[in-house]
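Letters A, B, C and D mark the chains as written, and numbering starts fresh at 1 in each.
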């Protein structure tokens, strides 16, 4: 109680004390040697800020918009599965905190609460997207999309980096499974493996087995077209773009947004840090659609750097889980406020009053200074 | 007693043993993850000296001038707040040691001794500048400037990197405040919050709260013009320039000196090391005004490198505090002598007899050698 | 028993617990300061994967061919001496596991089992190459080659990086020797030093003494010509190429394959990592013969990177030894399966369905991103 | 007794156990933060060897010549002061071991044995140079030069990097002095401070005080001319060149050899590693005189790299002291043999049979590979 975390990393350390090993390891770990997990964060720390001086920063406005929807801050919530392992209130708590902060929340397909309940918890004003995993069973997939539309989710974030689940060795050692009292909240009616989720993992990570048996590995651009036919008014965002080539292709295919992500370093190890690929994606897209980024963000200056390099908004995954583990909705609110305060300070100390003022010339790689010396 | 520090880092380690956690953390720490705090020093160690041989170095002269004023050494004293936490004699001890060494001292607005008393302690011969924070209350600001002029300070170093106080997490954890028996020495007559300073910080760093309530976040170039109208014969130096763009603007605005500083890495984390931005500032200024540098200097070779890359003088912040903590005025004298001796040796071992001989070709980045191999 | 390694590095740690210091050190160590040993692995981790999205990866085929022979996976087995120190079943176990996996095995000249017995263990379907050390005694060398041909080995991998044995200091300290109950299985009939192998090493590594007295230091391209005259239908591969110059010369000399190797960092310390020299070798060869690579491979992503940069197949040395130490043939099978599974996943997560789809543009050096920032 | 070091670093660790702190620290330490001390060695490890294959390396010849004098190996002995602190037999033991190995020894001005006795110990066949410090008292300097000539030293290595003694903080803390029973062997007849050497150091390093009072800080190129007038048949080598500019000047001044050295990182900290500046020196000299290098050499591959980059020979300082500390003359012989064996192996494993075969193309910087990836 007495100890109040002062930054996101401290929230993480706190969570490690509070959660079971099964849950914490699932949340915290990355694929294989976790090279990319470290890089996602380290890459931000290799970037340098070029602060401008003597500008009136008494009024700072962090509001912006995504896909035409106004949000109070460019810090959005990424989809993370099974939030009820972190706190009994799970995804509803996240939705509540997001709504109070005026922040956009993306709900995972693998929510431990139904998407309808989460929508209710977020309330009418809450900005929400739905993250979609495409199932082999296209009926189930279609139902999911239709329910998301009906519940007021305004965009589908289609995750394209998970034909198979990445090799997360801690989960393999733990033989990770969803605790008995929890279910895959969106699949209760589907029953069977779909509902019980990861409970029968055998020798491996239970989630890896779940993905192998249920998720569609044939996913390609035709499926994106199909989704467009069934998603109604929902916008389509591809989540998991990591190259200029795929960014260009996404634009050609007419997606509404490109989400630069390496899935929190949980899928393919030794991919670059997301912040490192942002410039090539921005160049390839050349303003033709919005670009978002997640991966390793845990400081206001990280947010600033992503914006300055061309992201319209950023998403945070694990920090929300640490907030949940700390104190449910209140904890998520604390984490959102912490990062918001840090972003405001980053803006003030670089001489900016709006997020759109964060410009390309304010960020440079540390090595750019070496050649001048 | 028996242990005599042989370098600045040992003075720091000694101070850590002597001071309260509240005081030491306030002095030592930097913003957020302290990336820049480490970089300020590490960047010096990435620079390589190219020593010249067979030059008569029997007579070495370290004297130079700043803004037309002769000083015995290019090593000057940066403003650091609340020096009486380090030693009861505080700013007066610093002024005494500076005067004896013929060194320039810059006094902080947030001195725990009045600027008049410090001037007295420095004596008539003491070279002194006054560091100015601009208060929301412009009357108080104007009084401060006029008093500095009257007390013989010859320049105003206007700090432009602190519209809000940087996030120093140790201070947040400590709920840092100025000890009860001390006051903001320049604001005793202003009374109230101005005088008591950081005493009512609440949950956060007391100083952050102080800055938020009293310091002017609207500061811009018009305020520099205004200061010129009230500062009389005092020269104006902008403290906190970190880009070529702002250096060029400073020259256009007619400042007398540019002080490259990231505030000892205490404001915006992940700014570059100051020594790294010096070359771009020097190029932008192109000789049109003097340039100074502070941040991370703790070796004579660091001083040499800054001079060789184009700084007219350097300023040291924390080393003076460690000297104070060691033994008041005597300790500051020791630190000044230590760095002076190291600078003399750096000059001799590079084949220089005057500080002006430290030239661009004598410093290069370590990576410049890689491409030749 | 309860502890099942989840990656190659854990197999290594397990082996360290199981083996004598004499054996483990011989297997694990590299030359001198082991700079290259660390680099062989670190260099893979400095490479970044550029994954492509939205490609149907439901069917993945890892099969390929080397020198016209079809193999089920590009992961082949490098020759490592004295496998019976790891497990009593030694080289036969390796051959058995290789045959079951449809993998190519290369047998060392310094096998602790005769090449005929190993061939028998591999069975008729087993793909196998023979690694040749050229002895001062050319009769013995010739016999060895003829026996390999007779036993169905389809290529000679002539090791060209070992005129003398590298300085492996752990072996010097241990005064490494082959345990009394083992012999150099291919030289039993030659008798004397040839058979007893390393047993009389004196003050130094026994194997270093063995090489100094028996292996031919005059080996040059004329000897490769000579080998061609006696090797019958066997193809000739030079094992130990580390420069573009020698790759080009190899092609001129008409070799069938070039094996990029620094002998597992056991010969000359501070050579580059093998993956680092691959590009210059590929450029020099320009498609005129097949190129293989070994050194430091312990992840499926490592395999992927080598293929993407132009290797036709890769070889693993130590991982097989760790598998043997774990549980003989079963352990080798586990290691092969582990790496195969990881390769399949690397293919799926980069959007590839065949090993030939791993392309140059999917791999880049981490520093390539720095210059874009 | 039982423990036999297998490399130079182990000899160092052994010496640390055997010697007094006063002596070991004096031998081992470098100036200030010892950045350059680490760099001298680390820079060798950043260089990569490009080994060539299939060359007959049965006969390796390490002999070469310096200044026209034939020596059995390019590994020479650098001057290090006060060798009798390491072993009672001191400089005579070094001379004995050098003579037996056919190696060139350079004797320090600050020998704890007279130069005549050392010459006698080396015997008529011993190749020897004398390292000269120029004293304020030019009579004493002249005497020293004449005695060296008379005793058969064939070159003067004039140390040009020591107008003052570098700041070695361990020596400051230890208040380093020469033990009572030893004297500056070349100055016994001069008496007083000259003979007693460092015994009255006061608060500082005794040797720093000695240098400050006796060594000539006015040394310049005119003094080199003067030395030429008194040195008879002895050649003149400048020891301590670290830039292309000074190398070019040295050639213009007609010196016989240029010794690239940063004094074992004991003078000016943050100078580059010597191996890093070799290329620019080689380019500036362009074959007009011989170039030597010392600093950080402790592997045969280090020697190879220096030769390949253009050094005619290398010198080792500390390794000889560690040999002495181990077992006097025998220990020095062991160290010389160890490095000789390692050099022979480096030649064999790169495909060279003579030191002149070590060529520029066989060495490259590790980062040169990055840009190809």
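General remarks:
Simple rule for what comes next: a residue touches a chain if its C-beta (ideal position, glycine included) is under 8 Å from a C-beta of that chain, and two chains touch if they have at least 3 such contacts.
Every value quoted in this text rests on a predicted model; they were computed, and no experiment measured them.
In this assembly, D is the chain whose CA centroid lies farthest from the centroid of subunit A.
In terms of their C-alpha centroids, the spacing between subunit B and subunit C amounts to 59 Å.
Per-chain CA centroids place subunit C at a distance of 42 Å from subunit D.
Multi-chain contact residues of subunit C (touching two or more other chains) are listed as 47. If you sketch which chains touch which, the chains form one closed loop in which each chain touches exactly two neighbours. All chain pairs that touch, listed by label, are A-B, A-C, B-D, C-D.
Listing the residues of subunit C that touch subunit A in their complex gives 6-7, 44-45, 47-58, 299, 301, 342, 345-346, 348-350, 361, 366, 369-373.
Those residues of subunit A that touch subunit C in the shared complex are 32-33, 35, 39, 43, 46-47, 160-161, 163-164, 166-167, 169, 172-173, 217-221, 223-224, 238, 240-243, 245-246, 267-273, 276-277, 279-280, 309, 363-365, 367-368.
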